[in-house]
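Below is the structure I would like to discuss, written out as structure tokens.
Chains: A, B and C, in written order; residue numbering restarts at 1 for each.
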Amino acid sequence: MDAFLLQILNGLDKGSAYALIALGLTLIFGTLGVVNFAHGALFMIGAFCAVTLQRLLTLSYETVDPERTDFLGNPMTVETPYVEAWFGPATGGALVDWAVPLAIVLAIPVMMLVGFVMERGLIQHFYKRPHADQILVTFGLAIVLQEIVKAVYGANPIPTPAPSALRGSMDVGALVGMEAYAVVYPIWRLVYFVFAALVIGGVFAFLRFTTFGMVVRAGMADRETVGLLGIDIDKRFTLMFGLAAAVAGLAGVMYTPILSPNYHMGMDFLVLSFVVVVVGGMGSLPGAVLAGFLLGILQSFASMNEVKSLIPGIDQIIIYLVAIVILLTRPRGLMGRRGVMEE
Amino acid sequence: MSILEVRDISKRFGGLQALSDVNISVAENTVHAIIGPNGAGKSTLLNCFVGKLIPDTGSVSFDGQSVLGRKPHQINQMGISRVFQTPEIFADLTVIENMMVPCFAHRDGPFRLHAFESVPKERHITEMAEAMLDDVSMLEKRDLHAGSLSRGDKRRLEMAMCLVQEPRLLLLDEPTAGMARADTNNTIQLLKDIRRTRNLTMVIIEHDMHVVFSLADRITVLAQGTPLVEDVPENIKGHPKVREAYLGEAQV
Amino acid sequence: MTDATQTAFPAQTPRAEAARDAQGRRDRMLLLIVALLALAAPILLNPFPTASALAQFNAGYPDLMQRFAIYGILAIGFNILFGLTGYLSFGHAAFLGVGSYSAVWMFKLLSMNVIPAILLATVIGGLFALVIGFVSLRRSGIYFSILTLAFAQMCYNLAYSVLTPISNGETGLQLSLSDPRVLDGPSSGSLPVTSLFGAEMREAATITLGGWSWTFSVGYYVCAALLLLAFWLSIRIFRSPFGLMLRAVKSNQNRMAYTGLSARPYTLAAFVISGMYAGLAGGLLASMDPLAGADRMQWTASGEVVLMTILGGAGTLLGPVLGAGVIKYFENIFSKINDAILHQWVAVLPDGLEDAVVAVIHPFVGKGWHLTLGLIFMAVVIFLPGGLVEGARRAGAVVRRRDRNAPSVESDAAARRAAAE
């Protein structure tokens, strides 16, 4: 039982990331009909928003501290972040410590902007072109984006720690009445899961309870009819692209303490997220979320030693295997709508 | 002797009974028209003949053999060709290449790995294709891209592609839909010529009564998935049931 | 065919006859030009004297020329699938990888002769394609792309993990002195090298003439010969009834079915043929340098083939080879340009300006060559969907408007593509 719970928990953080990226991919595909291979790059840019904020907050000036000496006996230079000088060491220190969650505030406008620019500048010219062309141009864009990040931030992963209060692990087992230390789980991963659940809930609530969301959902179901009603669906779809970019970006921001950001993390996640979208059913939002968590948890179960000794290598291929089986037996995916991308 | 025998076929889509107990018998070398108001099930019926849909009950047999459960390409190889409402051609290929594809299909069957022959050296195929193009007066357009043709020419090309396979049954789904009067008359003339020169049975679905009455030998009137009457054109014209079906539609 | 049937139809129009001959002539001409270029590549690709500052742009060294030829073969094969049928595979690296593994195993077990290695690599590539294609081709469009991607990633992950006894995991499969090599007998001293009936792949003759130096290696000419064979085969396939059917699949599968043709065997055959091309390319890579690693199967490697084909011009004969050449040239030459070299070039400018110019160019060269590649690729997809070949055709058309020349070699294919857009 405890092993079971642990595997589910282990699957949740990856599953959350898959679900968030797949949700954005599906939003873009469902509204604009575009297959966006640059979506992983948006996730990566989000992660680098956290890196940027961390760097901004730790911008420092140097002072010479006469009371301390380095190992040669010279007075030591001490770096003090400007924020500590401005707000005092306590507030300033806390700001630096909470850089990752604070980056959410930075990421939302940045990602929306990136999304708008992408859609207006590039994607809109590809609505009428074949899916293969959309894949190719966004694939090219993904290469360009990740190379730019590489040129600015270098090729090595950049550690971005979680706030110190949220580091370390937590005895989850004890919370649900199991014996102490049976299921110990890193706190930040729980935070990530809760965060992902909130974002997903937020997106669904937005689509369900606002007029804007209703129009978008109607547009996803039947674009032409909504267009005939005199509603400017294109403008709303552009906004949805920004929203999808923001969701991917937020997923990236909060993922940085789990995986130190590097320039190719987007591509790594993209491939799996596409598999997730296809398994969930192209164009189905609940399908994307469900499949994201499902595959994350499946993957974590497949990595159990008991399973691996039974079927060697299963942990490496489980996701792809599931995708192949689903695509062949249920071409529309778990929850796909009829007629979406069927030839 | 009937070449297409449709017995008691029914088809349901969810809550909609698209076809119920349809019986049609098409005699060889005749033109049989199926008419009816919108939503009468004409296209559904046609799709059951060619393997795109499988009826829930009943049987469809062509020349004594059942077509049910066969794939569209297998049914075509039995000798049934189909002309679509909007011409389905190979828009990226040239006119002559469009013609050669059915020629090869007719000679080589559903698949052959002829990767080392050369298309230009297939003289017999080229001649067949060109002769057919000549028959529909499109030979001078042989090297144009099919996608750039006018709608009327696309229709002619599609018809030629079907005919070059020497089918025994040609199915036409609203061949004059969306055409100008002149084009419609040309198409009627083309179909009449085909009828005169080839041993061929035609089943035609049509909205335009002018077309139907200038071509058909027998007419089946379909309404709400069931055949109302089947008779020769003269008797259909003033038939009260037919009038009711069409006027009923007009009133709605 | 009897005389009776001949007379039953009107004779071919003279114009058709002429067009047919012209096409045949153009194809032979194209093959001849490619053959001459391949033959003279060691000279043509070394246009700059060894001592000159521009010598770093010389691409005429065996290792790089072999890559041109090998990736050319890979892209030609990919183009038979994507260019003709429109099925976009994101899993071709898998076939390249298994080709390499099979070739290295041949070197370990049988003989250092490249012939059995290349043959096995081609066959294994084809077998893998048969299995993967049989499953993946049940779907089309983006689903097909994802399925091929999934299969390739599975191969990659397995090669890294449980299949280590076959693939030697992260280290990669290498030769060792203890390998049996049944035909060659045990080796002693140093590791044996790959050869073609005794002629070693790395054997090369260097000719120095004036300031120039040209290297002619056995390995390159083996690759070039196979490239020509691959190119010739692709011309045959493009002009065959089979090729026509593949283009029909791309154009309209619905009409295809109602014309009595079954699309799946055609696409499967194209997939297997292109898998065999990829297997051959993998086998050749191992023949030039007998080691095989799993990273050759990663999906980024599949993406690279896609880039090559699109960049050069999908659906054209010459495009894929051209695209492969451009990308490999970038990868090997452009990536070597560092700041010191940049400073040399713009040394004539005043100091401040010089630094500024170098700073602007810097991100696009050296380690940043991927950025340039990505930008070029995007530009091609956006503005020139026919690729470089289409670009050459348009440029040619501009020139021709001035001095009405004969039509260019590739114009028909490119025009067809342009019309399809």
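Things worth noting here:
Methods note: contacts are C-beta pairs under 8 Å (C-beta built on N, C-alpha and C of every residue); 3 or more make two chains touch, one makes a residue touch a chain.
Note that the coordinates shown come from a computational prediction; the quantities given were computed from them, not determined experimentally.
Each chain gets a centre from the mean of its Cα atoms; the one farthest from the centre of chain B is A. By the count of C-beta pairs in contact, the leading chain pair is B-C. Each chain gets one centre point, the mean of its Cα atoms, and the points for chain B and chain C are 45 Å apart. Remark: chain A and chain C have CA centroids separated by 35 Å (rounded to whole angstrom). Chain A and chain B have Cα centroids lying 53 Å from one another.
By the touch criterion stated above, chain C contacts chain B in their complex at residues 1, 5-6, 8-13, 16, 19-20, 23-24, 236-237, 239-245, 247-248, 250-252, 254-262, 265-266, 269, 273, 416, 419-420.
By the touch rule above, chain C contacts chain A in their complex via residues 86, 88, 135, 138-143, 145-147, 149-151, 153-154, 157-158, 160-163, 253, 299-300, 303, 306, 310, 363, 367-368, 370-371, 373-375, 377-378, 381-382, 385. Those residues of chain B that touch chain C in the shared complex are 50, 71-74, 76-77, 81-82, 84, 88-94, 96-97, 100-102, 104-106, 108-120, 122-128, 130-131, 134, 139, 142-143, 145, 147-148, 161, 165.
Against chain C, the residues of chain A that register as touching in their complex are 35, 122, 125, 131-133, 135-137, 139-141, 143-144, 147-148, 150-151, 155, 267, 271, 274-275, 278, 282, 312-313, 316-317, 320-321, 323-324, 327-328, 331, 341, 343.
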